[in-house]
Amino acid sequence: MRQEVRIGGFGGQGVIMTGIVIGKAASLFDGKNAVQTQSYGPEARGGASKTEVVISDEPIDYPKVQAPDIFIAMSQTALMKYKDDLKEEGILIIDPDLVNEDDIADFVADKKIKLFRAPATRTATDVIGLRVVANIVMMGAIVKATGVVSVEAAKEAILDSVPKGTEDKNIQAFEAGYGLIE
Amino acid sequence: MVEERFVLGNEACALGAIAAGCRFFAGYPITPSTEIAENMSVLLPKNGGSFVQMEDEIASAGAIIGASWSGVKSMTATSGPGISLMQENIGYGVITETPIVIINVQRGSPSTGQPTMSSQSDMMQARWGSHGDYETIALSPSSVQEFFDFTIKAFNLAEEYRVPVLVMSDEVVGHMREKLIIPDSVDIVKRVRPELEEGEQYLPYDAPENGVTPMPAFGDGFNVHVTGLTHDKRGYPDTNDAETHTDLVERLCDKILKNKDKICSYKEEFCDDAEIVVVSYGSPYRSVLTAVKEAREEGIKVGSLKIDTPWPFPDEEISKLAENATDFIMPEMNLGQMVHELERVAGKDANVHLIGKIGGVLHTPEEILEKIKEVASKKED
Amino acid sequence: MNIIDSMLCKGCDICISVCPKDVYAKSKEVNSKDVYVPYPANQEACVKCGLCEISCPDQALYVDREVE
Amino acid sequence: MAVKENPYKKYLREDRLPHIFCPGCGNGIVMNAFFKGLEGSDVDFDNVSMVSGIGCSSRIPGYVKCDSLHTTHGRALSFATGLKVGNPNQDVVVFTGDGDAASIGGNHLIHAARRNIDLTVICINNNIYGMTGGQISPTSPKGSFGTTAPYGSRDVPFDLASLVTAAGASYVARWTTAHPMQLAKAITKGLENKGFSFIEAVSQCPTYYGRKNKLKTPVLGMDYLKANSVTKRRSEKMSEEELIGKIIVGEFANRPHKELCDNEEDLVNENYDGGLAIKSAFWEEF
Amino acid sequence: MVEERFVLGNEACALGAIAAGCRFFAGYPITPSTEIAENMSVLLPKNGGSFVQMEDEIASAGAIIGASWSGVKSMTATSGPGISLMQENIGYGVITETPIVIINVQRGSPSTGQPTMSSQSDMMQARWGSHGDYETIALSPSSVQEFFDFTIKAFNLAEEYRVPVLVMSDEVVGHMREKLIIPDSVDIVKRVRPELEEGEQYLPYDAPENGVTPMPAFGDGFNVHVTGLTHDKRGYPDTNDAETHTDLVERLCDKILKNKDKICSYKEEFCDDAEIVVVSYGSPYRSVLTAVKEAREEGIKVGSLKIDTPWPFPDEEISKLAENATDFIMPEMNLGQMVHELERVAGKDANVHLIGKIGGVLHTPEEILEKIKEVASKKED
Amino acid sequence: MAVKENPYKKYLREDRLPHIFCPGCGNGIVMNAFFKGLEGSDVDFDNVSMVSGIGCSSRIPGYVKCDSLHTTHGRALSFATGLKVGNPNQDVVVFTGDGDAASIGGNHLIHAARRNIDLTVICINNNIYGMTGGQISPTSPKGSFGTTAPYGSRDVPFDLASLVTAAGASYVARWTTAHPMQLAKAITKGLENKGFSFIEAVSQCPTYYGRKNKLKTPVLGMDYLKANSVTKRRSEKMSEEELIGKIIVGEFANRPHKELCDNEEDLVNENYDGGLAIKSAFWEEF
Amino acid sequence: MRQEVRIGGFGGQGVIMTGIVIGKAASLFDGKNAVQTQSYGPEARGGASKTEVVISDEPIDYPKVQAPDIFIAMSQTALMKYKDDLKEEGILIIDPDLVNEDDIADFVADKKIKLFRAPATRTATDVIGLRVVANIVMMGAIVKATGVVSVEAAKEAILDSVPKGTEDKNIQAFEAGYGLIE
Amino acid sequence: MNIIDSMLCKGCDICISVCPKDVYAKSKEVNSKDVYVPYPANQEACVKCGLCEISCPDQALYVDREVE
């Protein structure tokens, strides 16, 4: 099965890294195939940041996301800019502290979107005490809400990606994120 | 030990270069090729090699030719404007028969164009961009793994035929991450010094049968003179003699033309009974396969020819396919470039259809499928 | 009142830093681009030197020189 | 009554704002200093044409409400040479970056300086390639980091203002974004100098240079520039060691001499009585 | 008053430029084009214009584009290595739609090759040398008079279509002296400024039907932004939008492709009943005519198509000739370049024979005659 | 017993003599000075590789019995950079001309100087483009004539030795063909300096520069060079006017500092224990 | 009728100019067609110098000399280097002071060459008192010996080509040369 | 005897000019390349300084340093 994931936020949130970690988890540790891409160019400057991952059991031919099954929005700008082609009944995960839910009420209803809220930034700051791990917190939420990658693969991919010495904090963050979704 | 990584296409290219024995990189940053230079700047010192960021692309091309003559395999990487600037020195590499590898991660063009978008619009430039008659070897990867593999292959071909080899990648392949499998050892072609019989006069450009003369390094004691001027077998300038020039330039071209069967590489899928063949190279291939499979499901006799080496163009294979096929479809991320070759080879016997697409977005499988269907339905008429 | 155009401001805080009179402070509200736009918290102190205007990279800042 | 907007905004193409520069990028400050310098000079904004190469800094002319030529990387001065010689009546201002002017464009820079062609060149030196994502440039300080200097740069950087002086420019100055008023004044002088004027504006790139070199915020970047600047006069009393890592600011050359367009005009006047063929592409007859 | 002179081809080119209204030349010396620069350095000050010897060819190409935007017609001239260096800025001229003229006096290549010998081996580079998709206008003179005439024509085409126009001469034509007739007045296309209706918003790249927008000079008050990035109708960069890019690049190509009938120029001789047509351009044409006449005397139905404008290639005319002709012969001073176009257009219906010759020496009439006879005799078989 | 032939001939490829230089061209004298300088240095001729661009002067390496790379116009230093960094054990000598080095190649020149790469560059400055038939060059004196300066050159020429000094070279000197012994000595120093050495050899081109500028014979050309040279030391006491048209000879810089290949080797040693991959293209394995 | 002329000598003799003047005379003043070419490149350096002119009543297609009807040798090197493809019964004019006639005796005999001797340099020095007009002296000899261009056309072409103020000397030289051939 | 290789000499006269002892003079005979090759007319005056050798652009000149 082919699954298309999109993550959007603003520069500095580690959005791209989340995409890479998901891709790595799927392709190196879950035995699937994955292609990760991201936005380049002026639009990627300062403001909005975006990454996309395609995951599949089969070899992946067309490598780009055409209409995501899953969209994670970590900022209001990203939410509004990138939401439109989310699939009917797709999954949308938002950081409720950074986006204005009112603006998407109709969208969610019309498209029968499965909406999840994961206050990743707040959790990172308050629970882990490290704002920069917000993306890993969100990773936990993504894994729980979507199951695109397994928990084990996710953890291995995180350990493979974060700086030495920060492993524990990151696993903690992942688990805190995992716990954010009921 | 086989290693698996999840890396950017451009990083795979750098890893391939290192695996192939590249120990010198000179470059100048340009989107979307920059990550190749960046990765080489990290990797080379860890492998005994040198990375030099040059003042521009002209200098980069010059430096890798110089380095090649010093006895190390060398490479540069660039895009659009940068590759245009290298044209003069590419011609110098050709006439001096210097093994070098040049990576072009193609972007939207002409001019500064669309720096962060993809394209395949430098394919004809790869063949004709430098002044004068010459032939080119160019490879086009369609995946991260191929970017690694083809970079190694490029080094091997460069050494085998003593030519600059181009890897004509594109932004899609350069800028996506996929799993890369790095084998614990790769086949590489090592350089071989000339061997002289006793008392034999050394003629650095006296080519054997296959047109390729062995190549010493500077400092090996052969006292070779290397020049971009038309030169005789001793390597000495001889610029007013028609015969010297004809012999030299024809040999340079023949090295490639006469070894086409060894150089050309391609992959056929579903071609045995194909009446329609989709011919592609580089990233559009990714959409081709999906489209071909779907068309097959709908009963259309369509196959895929995926060309690894757009240059030299695999005439023979295409001609063979044209015996059965009535139609060829070629998706290109340009307004029609390699399709000229396809027309040249297959045009007499079959219909050739271009799906040219510019603007930076890859063909979707649907677009290709649609064309297959259109062609198939016209055939029924 | 000195005015900051919140459509243009990118929240670099340079105005806050360069003003010799500490006129500006960061606001608590983000604008539509996820930016915390400064405001002249200490307007009275302004001596109209123009340093904030010339140092604002986004031409977002206006120093009110009119005599009220 | 005047509109209540930033005084430099009126020079800009409003339909393109905000510009693409990252938050706190020094480019915007140099733009302001340029407008201020222009206002202080005898040059009429309506008579200004702008030229640039490729880079973040080279995007500036595209935002200014005047004729502008955004050319190829490193070649701005070549295009500007044709533009100016073709019609010496214009005031031609070139915006360029350290990579654009000093790396790929270094030759055009020294040759334009040698010819002393009447151009005002504002080189925004942020010690990095901003546009392509943070590679080192020929002005990156020894020991600084960039994406292509993962182990720290080992090269000695160019002293651009001195190099351009040695090449023959008639006016040369260097200031930083932390000195916007002085920068504006130098630009005024550059605009008024009839000859090649080179104003180096050392600037912060928080996004790339800053991120790699512990100057992550714009404010840290500007504070660094301020703290490490020494005036030309003071620098002359300092030893080479003391000067390592310092930014020497002030005027490097101010020695007017005959410039290229005047030479060209002389040649025409000596050989022809019709004067310069300005905008002759539009003439009915020859 | 008509004036007659006995001058070098390269001098005729300079005189043509002056007659066409060229008032700016930037260049860098290179054999065998140098006399063009030298003559311009003498002529321009006498005509109110400026000559600047630049530091290299890149700067030369840049300077003439800058000068064109200042409102004067401008030109440069170069050969081999120099034209390779100009490729990046040629692409910039294309995307910014800047009228400029570039003279290439072709010499033996690749690389430094044979600086003082003749060739036609940059013909494909003229079409494909810069990165990206674009179309070219190129003229090839075969005599001193034509070098003068075609230079004027090049300026006119450049203004009419707002494109860089190449004059693809060669060493033979550049370095021979013949009689030149300078008419007392020549038709020149003058530049026309945009005219705005009251209140109309100025859109510098909003093209009318024919694809060519009027062009102001810098300083005219239009505040135009000119960029090599993909740009919208306002001239503003818009680099990530596929549609903007497609619209722009297709229009740039269509300006030339859709006006082919107006741009293409050629001369037919003895073609009415020709079964064999010798197609040539540039200096080989000189030997063609002798050969064709001699073959006619021997009763062979052979004609000559002399192409003034190799680019865009005169497809239509060739197709028409292919209705009667069974064989085309093309002499080129290269290993086969424009013959690819001939094959593309005529290959389905007729046999195409190349007489490729390199080394710097012009085809003799005998060589061409021999080929005509050979082809004619094969036909009889 | 030694053969009775010119002592410098043994370095040359006899099967290529006589070389293509015009009668009395200074190129041959600079070649001799180079061989003499080499003999006086600690450099072994067998360890020398040569590189050049395009021009009459750039033809020199092709006559010398060693490995040589005759490259593209202006780019010799780029090629030399790769050649030297690829195998720093060689002594790499670059021959170039004023056009090759300072016109089209100016950028590579200042960048090579900035990097202080260990090359010995001998620039034969004949103030003209010889190979292409006498066009002015960036070093042509103001007022001199060339085929592209029919009315006399109006530009101020480069002072190459000073420019290269400003760019960062560690050894810089200038002499003329009328000072072959001093030139040889400067070349010795340049060869021994571990860093970028630039030796400008002002030379006569009787065929083109001479013909256009009333110095038709080689002897007139050399006499002119001799008569108009002033030593660096003396020049420092002369006014700018007095120096017009003078050739300042002597040493311009001698300040050794870390060079590029050493920096590269440091990087390897810090990150790898296998040492530099010299001639690795020939290795069996990686 | 197509006539092919070759002139060879060494640098500084004005050989090229002679070719140009002949071409000019034929094409501008005799109403014929002419193409003049010359050697470029290393071989044109310092040493030998060569020019060729094709003259015809018809338009000239092939512009190069294939086998000259007329060859003028003003130096020994040029004579030996360029003589071989002179046509049977062709005209050869030499400056006897500068070439060694013995070396070509066989050649002249075998090919039935019409040999003329014109001591142009000596005449220029001794008679005109101006060494540089040797080429114009030779021009006179050529016109007399071959008639490729008319005397009037030759004179007009000379006047059109020489620096102002030297017209008389040059015409004198031409006539002296004309007189050298019986 | 100092020797001038007439195969190499191009007759530039530099040796004549640079020799501080006026050793050389122009010969009256041309060589095969139309060149008047100098000869050591005044050999005894030679002090073996080598200036002529290093100044001969064509490596044609040999100074005899052997003690006879």
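Going by the order they are written in, the chains are A, B, C, D, E, F, G and H; count residues from 1 in each one.
By definition in this document, contacts are C-beta pairs under 8 Å (C-beta built on N, C-alpha and C of every residue); 3 or more make two chains touch, one makes a residue touch a chain.
Please read these numbers as outputs of a predicted model, since none were measured by experiment.
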{"item": "Fewest touching-chain hops separating chain A from chain F", "value": "2"}
{"item": "Which of E-F and A-C has more C-beta contact pairs", "value": "E-F"}
{"item": "Interchain centroid distance [CA atoms averaged], chain C/chain E, Å", "value": "57"}
{"item": "Euclidean distance of C-alpha centroids - chain A vs chain G, Å", "value": "87"}
{"item": "Chain centre separation in whole Å, for chain G relative to chain D (CA means)", "value": "60"}
{"item": "CA centroid of chain B to CA centroid of chain D, Å", "value": "39"}
{"item": "Two or more partner chains touched - positions in chain B", "value": "31, 45, 55-56, 58, 81, 88, 92, 111-112, 115-117, 227-229, 237, 239-240"}
{"item": "Touching two or more other chains - residues of chain H", "value": "10"}
{"item": "In chain G, residues with contacts to at least two other chains", "value": "41-42, 46"}
{"item": "Residue ranges of chain C in contact with chain D within the complex", "value": "3, 5, 7-8, 10-14, 16-18, 35, 50-51, 53-62, 64"}
{"item": "Complex contacts: residues of chain A adjacent to chain B", "value": "20, 23-24, 27-28, 33-38, 40-42, 44, 60-64, 66"}
{"item": "Chain A to chain C touching residues, read off their complex", "value": "10, 46-47, 75-77, 98"}
{"item": "In the complex, chain F residues that touch chain B", "value": "13, 15-16, 46-47, 49, 51, 54, 59, 61-62, 65-72, 75, 77-87, 89-90, 107-108, 111, 260, 264, 267-268, 270-272, 274-284, 286"}
{"item": "Touching residues on chain E, where the partner in the complex is chain G", "value": "4-6, 31-32, 115-117, 171-172, 175-179, 283, 286-287, 289-290, 362, 364-365"}
